[in-house]
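One structure below.
Order of writing sets the chain letters: A, B, C, D, E and F. Residues in each chain are counted from 1.
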Amino acid sequence: MILVLNPNSTQDVTDHIDRSLQSFRLPGGPQIVCDTLRSGPPGIESQAHVDGTSERLLDYFATHPQRRPPAALVLACFSDPGVFAMREELNCPVFGSAECAYFTAAARGERFGVISILARVVPRHRRQVRLLGLEHKLAADLPIGRSVVALSDEDATLSRLLEVGRTLVQSHGADVVVLGCAGMARYRDRLEDALQVPVIDPTQAAVAMAIGTLLQRGGG
Amino acid sequence: MILVLNPNSTQDVTDHIDRSLQSFRLPGGPQIVCDTLRSGPPGIESQAHVDGTSERLLDYFATHPQRRPPAALVLACFSDPGVFAMREELNCPVFGSAECAYFTAAARGERFGVISILARVVPRHRRQVRLLGLEHKLAADLPIGRSVVALSDEDATLSRLLEVGRTLVQSHGADVVVLGCAGMARYRDRLEDALQVPVIDPTQAAVAMAIGTLLQRGGG
Amino acid sequence: MILVLNPNSTQDVTDHIDRSLQSFRLPGGPQIVCDTLRSGPPGIESQAHVDGTSERLLDYFATHPQRRPPAALVLACFSDPGVFAMREELNCPVFGSAECAYFTAAARGERFGVISILARVVPRHRRQVRLLGLEHKLAADLPIGRSVVALSDEDATLSRLLEVGRTLVQSHGADVVVLGCAGMARYRDRLEDALQVPVIDPTQAAVAMAIGTLLQRGGG
Amino acid sequence: MILVLNPNSTQDVTDHIDRSLQSFRLPGGPQIVCDTLRSGPPGIESQAHVDGTSERLLDYFATHPQRRPPAALVLACFSDPGVFAMREELNCPVFGSAECAYFTAAARGERFGVISILARVVPRHRRQVRLLGLEHKLAADLPIGRSVVALSDEDATLSRLLEVGRTLVQSHGADVVVLGCAGMARYRDRLEDALQVPVIDPTQAAVAMAIGTLLQRGGG
Amino acid sequence: MILVLNPNSTQDVTDHIDRSLQSFRLPGGPQIVCDTLRSGPPGIESQAHVDGTSERLLDYFATHPQRRPPAALVLACFSDPGVFAMREELNCPVFGSAECAYFTAAARGERFGVISILARVVPRHRRQVRLLGLEHKLAADLPIGRSVVALSDEDATLSRLLEVGRTLVQSHGADVVVLGCAGMARYRDRLEDALQVPVIDPTQAAVAMAIGTLLQRGGG
Amino acid sequence: MILVLNPNSTQDVTDHIDRSLQSFRLPGGPQIVCDTLRSGPPGIESQAHVDGTSERLLDYFATHPQRRPPAALVLACFSDPGVFAMREELNCPVFGSAECAYFTAAARGERFGVISILARVVPRHRRQVRLLGLEHKLAADLPIGRSVVALSDEDATLSRLLEVGRTLVQSHGADVVVLGCAGMARYRDRLEDALQVPVIDPTQAAVAMAIGTLLQRGGG
């Protein structure tokens, strides 16, 4: 079972993540279960939110012992909160959705642009891109200026996503666009249709890698 | 349909790739078709082999117009022959199996080791790792000293794979091992069982990303 | 006032840090107060310990409002737990002792070696060195194989520090050595005398930068 | 004794450096002596000036044998003239003020901007930033277009410093500003008050590290 | 004999390359022979063109056995088609003209700008610059928007070269300009006269290195 | 006229450089004049020697005004003393022989090894390699432990050069070897014959680039 954990407490975000993974649930394939880390903040927006997730994840597994470890864990938040800690603590593959999104974007084009929620998260993103070695692939990382919770206002959000997405493609040369928040999942298709470049949803990117890991046995 | 093209002419390699992807074929999921580029050399072992693949791929699609473009193309060779050319020429996602293997390995651990076929291919691998930005993740790239065709001798091959794999893990600090040839697919499970670290098969890594790309529509 | 916070709960470590800063307390200079984050673990040894520190630091300041913000905060732990979070949350300069130690080492020589407590923390150190841009200055990072608490056994610890320090200098070409744990402070002088290269204590390095920041006003 | 050597012959620059270090002179702390390398040019503005400083420094110590070596040497010039040579020749810690300023800036924020005197020095600065590994932290390096000697015209200089400082912060995203000349020391406070980001004076940054080095003995 | 092979089939390009090398033919020096790979496309403009060159080069040497190997081979195309393959296959020094142009530019100034033919080749150039380690030296790479064949229209081409060259120097800070196509050779002098910075012709840069290699014996 | 300046005062070194360039003097080609900077030290072995060269070069040109500027200047010392200063001061192309040697080596193979005179110069070499962006191409830099003056003892020198050269090739994977001192010129041919990989003499590499620069006019 692939456990997809949304580390913020906003059930609406989990619901949309869950819906975005519906097509990944195939008969005979890995079960994909989405859950909400209810102890988390409404949105992972500060570094303190990111850091605090590790202990909340440990609590989650301590109180749901039947889920420790899942066959694979996907951290459904673009800050990859707790990704290094969970790799140390859990005896299963752990996928950070930002890591997977960046790598998937890097496998699709020359330069990726990132659409972030708030300006304050951009330095944190840049640190991760640098850590991964992908600075040379980053066209730009631009915020739409909306919090995680505000992403549910669809008209205003979509309009800003399109605006920032077009800037990334037209002014910064991005040939791939990465959604910089798991809460943007519901807008992926519309954005890709409008921008005409691949748009990567981080949770989907991570779940695809998790599926690959679970299916790989038995070949050869 | 995901077209998995083995650019060498060795049908035995394609057969084993095909078998290694059996578990990735799920009802309702993308069709996965493996084919052999019969015009290719028995193994892609020199840079000239790599370079020559692009034109053979264009010929392949010219003579199989019904396959141009597939929903996604996977180049099932660790040299990623033609990956940049195909991205320019084909109107579909193109996945290089080495790129995908390196990125998948980078998403799983701190440092990956690569098991290559021959010493002469190692500098080519290093150039690609550098191009991707992953030099800091490369523990070492060591050859087993066997050609693509010789990979079908299972006892001798497995023995060398285990030997080199152990050196990568124990002496070079690799916590993930990448199979540096699509023709090593049949040995993945046994190697992973013996080494007790994740072992990444490049074709599987690429097919997982291709599946993710094809399934992503309709979510949100 | 410079607040030097030991984020592990081992008072013995705080006491030795405090003693190592005695010479930094000069009449008319900044007051230097050392405190223990009693809610922390006995040693910051896992990534989960590191991540969990941010929230414990926020709690610390919430329950000691008179200390928020100090004139400068020094995080007296080589993992720099919470350094990015505290920079976002506190309206004062925040110094990570590993950051300051690495930079001070880089200002003293060509290549620094790091003496770590346990093998498991080395990958975390490497990520930070990479993030800072100092990979090219890192000679090697080697563990002594002792936990934070075990550092108080002076004979056994000193003997291992000397052994690993000599290996860094003689086999890896380090011309500066960085103590990779705030709990090693008491051994700095003896190690420097034996190795005959500069030995950097992380808390001292950070306090020196903090002092510089507090003294800089009024010049020119 | 910390010897702070201004390698240009402009006594007014030394005087202001001396004043900027007044607050660093604490009872019981290291003595801080500023001196002028009278044989130097009025300002270190060309690469030939930089290179020529090494021999003038050796002459300086040959003719002031009582000063060789000081407890620590600070090169009070943003070009760090002779820093590698003095480390080879003198048996004491040698601090380059640009190195220390860059490292201190890197310990305070995400991206630093540099205010240079003349456009012609910017490529030299860029080479040093690259050498140190901090290219990823450099927001921009912009000149005010004034020579070292002209820095004593306070109104004109301050006005340009403010202008360029604001550009670094507002257009280039700098969250720390580095003064790119020791002769700018007198403007630090005013600039920091106006820009509302940390402003790093290179000589102060180097003296703080030198103090830390001299005080570190006896702790633990 | 230095064999300068133009891998596109446009004889006019070879003729101008040949003329640009006239001054390199000195009595007693290496013979310089230019030839056209007639089997190539009119211009090497796509990645498939680049990749396809390796096999055409092997055919060329198979059908001109007297030319295998020459004393040195220069690939007179800015895409360096087949450079790694020829190094594996031929027992002689092989010079890629882009490699040599980039290195020569790096030996002349701080930052080089590249004038490309078409926007579509720029990502390929960027990959090569990254592979060589010279990203930090690249001011910008800008296309004139003309194909290889269209370079023979001298007025229109020169006008665009001047325009783009001025942008590289004035807006991007280039102090050296690299001609990003062997077919631009005829414009080098005029461009250098107008821009007043060194302008590097790739074939000339490669031939100079080849001459150096052939002349080096017998010294000391 | 290409002026090849040996910045150390050892005439024997200049004589051997001069002899090594004999084959580069072709009828109708640029005149190549070698001269000794008599004011220099017997060998450029310390950083102070390197730094001091800039002013001695300025003196040289001041007292030989007919030589300012030459058509091109080659600094015939592997430390490239004064290379940045001379580029600022002289209105002619200035070639550093180490820069040219590194770039030429990078154009010939995958990884170069450097043979240095003394262990103390290796860190200085490493700084330059880093500055140029070629760290990824450096196999290793190993000293033979002999000063510049001692290079004239041919038997002892050749024996050590061969020993260190073989280590670079066999243990460090170098496929090109760079002579790390202009005074090693006389050994190039013998070393190349023995090692069977290209051996790059720095002065020859620089003179080849200088010739290319002087011959480039009039082509197209």
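Following the convention adopted for this analysis, a contact is a pair of C-beta atoms (placed from the backbone, for glycine too) under 8 Å apart; a residue touches a chain by one contact, two chains touch by 3 or more.
A quick note: this is a predicted structure, and the numbers were derived from the prediction, not measured.
> What chains, if any, are shared contacts of chain A and chain D?
Where chain A and chain D share a partner, that partner set is C, E.
> At the chain D/chain F interface, shared numbers over all numbers used: above half (same) or below half (different)?
same
> How many Å are there between the centre of chain B and the centre of chain F, using C-alpha atoms for each centre?
44
> Taking each chain's centre as the mean position of its Cα atoms, how many Å separate chain C from chain E?
About 52 Å, centre to centre.
> Could you grab the centroid distance between chain E and chain F? Build each centroid from C-alpha atoms only and quote it in angstrom.
Those two chain centres are 26 Å apart.
> In chain F, what residues contact two or more other chains?
If we look for residues of chain F contacting two or more partner chains, we find 87, 130, 135-136.
> Go through the chains and record each pair that touches.
Inter-chain contacts occur between A-B, A-C, A-D, A-E, B-C, B-E, B-F, C-D, C-F, D-E, D-F, E-F.
> Quick check: in the complex, which residue numbers of chain A touch chain B?
It comes out as residues 16, 19-24, 26-29, 87, 93, 95-96, 99-100, 103-104, 106-109, 132-137, 185-189, 198, 201, 204-205, 207-209, 211-213, 215-220.
> Report the residues of chain D in contact with chain A in the complex, numbered from low to high.
Touching chain A: residues 110, 136 of chain D.
> Chain D touches which residues of chain A in the complex?
Touching chain D from chain A are residues 123, 126, 130, 135.
> Taking the touch rule as given, give the residues of chain C at its contact with chain A in the complex, in rising order.
46-48, 50-55, 58, 81-82, 84-85, 87-89, 120, 124, 127, 130-131
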